[in-house]
Amino acid sequence: MTYARCSRAEIARRVAADIPEGAYVNLGIGLPTMVADHLPPDREILLHSENGILGMGPAPAKEDIDPDLMNAGKQPVTLLTGGAFFHHADSFAMIRGGHLDICVLGAFQVSASGDLANWSTGEPDAIPAVGGAMDLAVGAKSVWVMMELLTRKGESKIVPRCTYPLTGVGVVSRVYTDLAVIDITPDGLSAYDLVPGLDMAELQRLTGVPLGARVAALK
Amino acid sequence: MTYARCSRAEIARRVAADIPEGAYVNLGIGLPTMVADHLPPDREILLHSENGILGMGPAPAKEDIDPDLMNAGKQPVTLLTGGAFFHHADSFAMIRGGHLDICVLGAFQVSASGDLANWSTGEPDAIPAVGGAMDLAVGAKSVWVMMELLTRKGESKIVPRCTYPLTGVGVVSRVYTDLAVIDITPDGLSAYDLVPGLDMAELQRLTGVPLGARVAALK
Amino acid sequence: MINKIAESLEVALSGVEDGATILIGGFGDAGMPNELIDALIAQGAKGLVVVNNNAGQGETGVAALLKTGRVRKIICSFPRNADSQVFDNLYRAGRLELELVPQGTLVERLRAAGAGIGAFYTPTAFGTELARGKESRRIDGRDFILEYPIHADYALIKAEAADRWGNLVYRKAARNFGPVMAAAAKCSIAQVNRIAELGDLDPEAIVTPGIFVSRVVRVARPVPGVAVNAGEGRP
Amino acid sequence: MINKIAESLEVALSGVEDGATILIGGFGDAGMPNELIDALIAQGAKGLVVVNNNAGQGETGVAALLKTGRVRKIICSFPRNADSQVFDNLYRAGRLELELVPQGTLVERLRAAGAGIGAFYTPTAFGTELARGKESRRIDGRDFILEYPIHADYALIKAEAADRWGNLVYRKAARNFGPVMAAAAKCSIAQVNRIAELGDLDPEAIVTPGIFVSRVVRVARPVPGVAVNAGEGRP
């Protein structure tokens, strides 16, 4: 089959298009941070950062970088008019308390039942680091994952059951990939928005996990 | 024996004299509120109020009364220069978290082991109301009680064991009364600062609870 | 454009269902959202569970709400007052359920709801009547009892100013339960004395970020001797 | 007269005992009390337990403290970084114990310590490796694990300004762990860029009331290209 994978920017744009006006959103470090650059300019969307910011704006010009104003990935950001600062306990009260509408996270693996593995490869000599991933995974109303569907070795990152250490159990509701968008529902997986040239049978073959086709794409 | 009971103002003055410079203090509603009027003017003492005030000042002139600035007893107060406002959860974090040096409470009864009863008479038709008393009782570093030693019927309010419903268990460390000051220690009660003309034997007879005399009064 | 400012008290209160749990801010009169309470009475929802520090005083505000008979249960720390006759009569008549909670436990249970905490151990009330039937546990030589969050459908609170994103600042001790209740309810409704332009509230001094607030309605501060000009919407 | 302002970093750090548990604020470089950390290194206490979100980066700050070998254990959420070589080497050599805690659980455990909560149930980390050995409980159909407070002897934090009563305000995202750590330690020490006169900080905007702060020391904000003029006391 002939099809082209989406670029990372294209996946970010696809995620951004699904974020509604007025949503409170946390973008995980790494790939998801790119979503900020593709938010529709006609929608007011409030970005949350673990380190106590609501209403994060785009990166500043180099001369305006403020060492006291960075995102959770420690990149310089700005504050939108109407944004607010608060301390870390209040910030995680927002996360854990279910006040974020959407959190977008990267992943090593996502299971067919929505389990998320994104914090540790489980290698015996790896130094573990978890940050806020486990809080975000259980706390946001919707947890979306943004990732390339296949590893460099061509293995599916959508798996029947995660082999990497879990970040959260049954938390992911949607996965945006470079080949398709896949919803995780109580009735199973449903794939849509396949890249041109890719059909469901081939996607099914690549993932190895039973996929249903969604009839009507939600927006 | 011939002796005169201290007035309420005199008890309040006695309590106030024991509050050191820099102390964070909560004064319970009722009698303890009077302590505020007797704080030594040469000491900086910070009064805390459950409803989110640290650094309460004296009552305002009538024309300066602000309905948004009252103490836990709902009496108008002022804010000292350097005072701060905060919300109720932070206010009780200060209380429960052991940040208050001293809390002064009224009482129906105090037991020989420091149990406090001050929120309910336990009468079957009484409407219960607890407010912040139980939080203050367990939270402050030192819980002092301020009360008249005897009920109107002449019964001691210092008792071997409280018959009224408890506010807290083993929490009171000192009781200021109209006849003496009584410390509650792991080794038992010790009384001092008896009013002139009252001796330990008579105080003992009035309370009916074993009292030791403290050799040197602490200040 | 996000705009949480409702044009009237009626609009701000729309959708409250029978049986809802409703948090009501205020300590004494400070921070008491009296006009929102009046609007709730007008709205007519019944079978309510109400959470407030007190249980109404005089004949207005929470007392007026209780008097309608539409409150099934009240959760509070200090119902008894010199002028709490409305509560007293309903309670003695067995027509109003009371859950009495120490004030610090009350606000911590609300805080737990807003912060996603499933339950917590507090030393407050251990060994007292108010611990009856509750689990206890000794931790590091100290005794605690287990308390659960109070989740709510609505919070009615009063703040000093809001912007259209729902950011709030309060005034002096009128802050009290407001920020905690705002976070504990699914839908938090703030009456404010003043609407601020977006950006006018200092981001360092915003007490309740808009994420915790669903609706805002302006109610002009009453001028002594003048009828309240309530719910006229934006200034 | 209450005066919490210490005249030097040395005075501010006096009394730290071997074996102390020390909270260190900051997220990345924002709010990181680097000069207090340097003073702690100079002070010489050993066998320390350190709590910080990270485990040091580069060769300064927390990394420099770890490098002294005087830290027995670190409690943090994100030790691994591109330049966390000091931690990495000590950890791999078995010379530093690590307690890895999810960031929200870390700050909530600190908050519990400051607020007198004995333990709490959190949904975070349920079903993961980090819940291993922890009690769990199903509450209202959801799974939680039990977490305990992190009490500390000292907190080293950085704020923007303080007055002599210890009231603090912060700057932007440098606030992060500061207010929570200040409340969680027996003795909290704040380095600040500026000393304010009593009354200059707005009582509505004070973030950490002085009750949570034991000592304050002024450390002038570094000017790019100029050596830091640290710990000169009052301005």
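Order of writing sets the labels: A, B, C and D. Residues in every chain begin at 1.
Here is the rule we go by: contacts are C-beta pairs under 8 Å (C-beta built on N, C-alpha and C of every residue); 3 or more make two chains touch, one makes a residue touch a chain.
As the structure is a computational prediction, the values presented were derived from the model and not from experiment.
Of the two chain pairs examined here, B-D and A-D, it is A-D that is joined by more C-beta pairs in contact.
Averaging C-alpha coordinates per chain places the centre of chain C 34 Å away from that of chain D. Note: centroid distance chain B to chain D, computed from Cα atoms, is 35 Å. Between the Cα centres of chain B and chain C there is a gap of 30 Å.
Shown for chain D are the residues in touch with two or more other chains, namely 108, 111, 115-117, 122-123, 170-172, 204, 207.
For chain B, residues that reach two or more other chains under the stated contact definition are 79, 85-86, 89, 92, 95-96, 138-139.
Checking each pair of chains for touch leaves A-C, A-D, B-C, B-D, C-D. Chain contact summary for the complex, chain D toward chain B: residues 1-2, 111, 113-117, 163-165, 167, 183, 198-199, 201, 203-204, 206, 209-212. Within the complex, the chain C residues that touch chain B are 27-31, 77-81, 84, 87-88, 91-92, 98, 100-105, 107-108, 110-111, 122-130, 143, 170-180, 207. Against chain C, in their complex, chain A makes its touches with residues 21-22, 24, 44, 46, 48, 54-55, 79, 81-86, 89, 92-100, 138-139. Put simply, chain B touches chain C in their complex at residues 49-53, 66-70, 74, 79, 85-89, 91-92, 95-96, 120, 125, 127-135, 138-139, 165-169.
Considering their complex, residues 108, 112, 115-123, 137, 139-140, 142, 144, 148, 169-172, 202, 204-205, 207 of chain C touch chain D.
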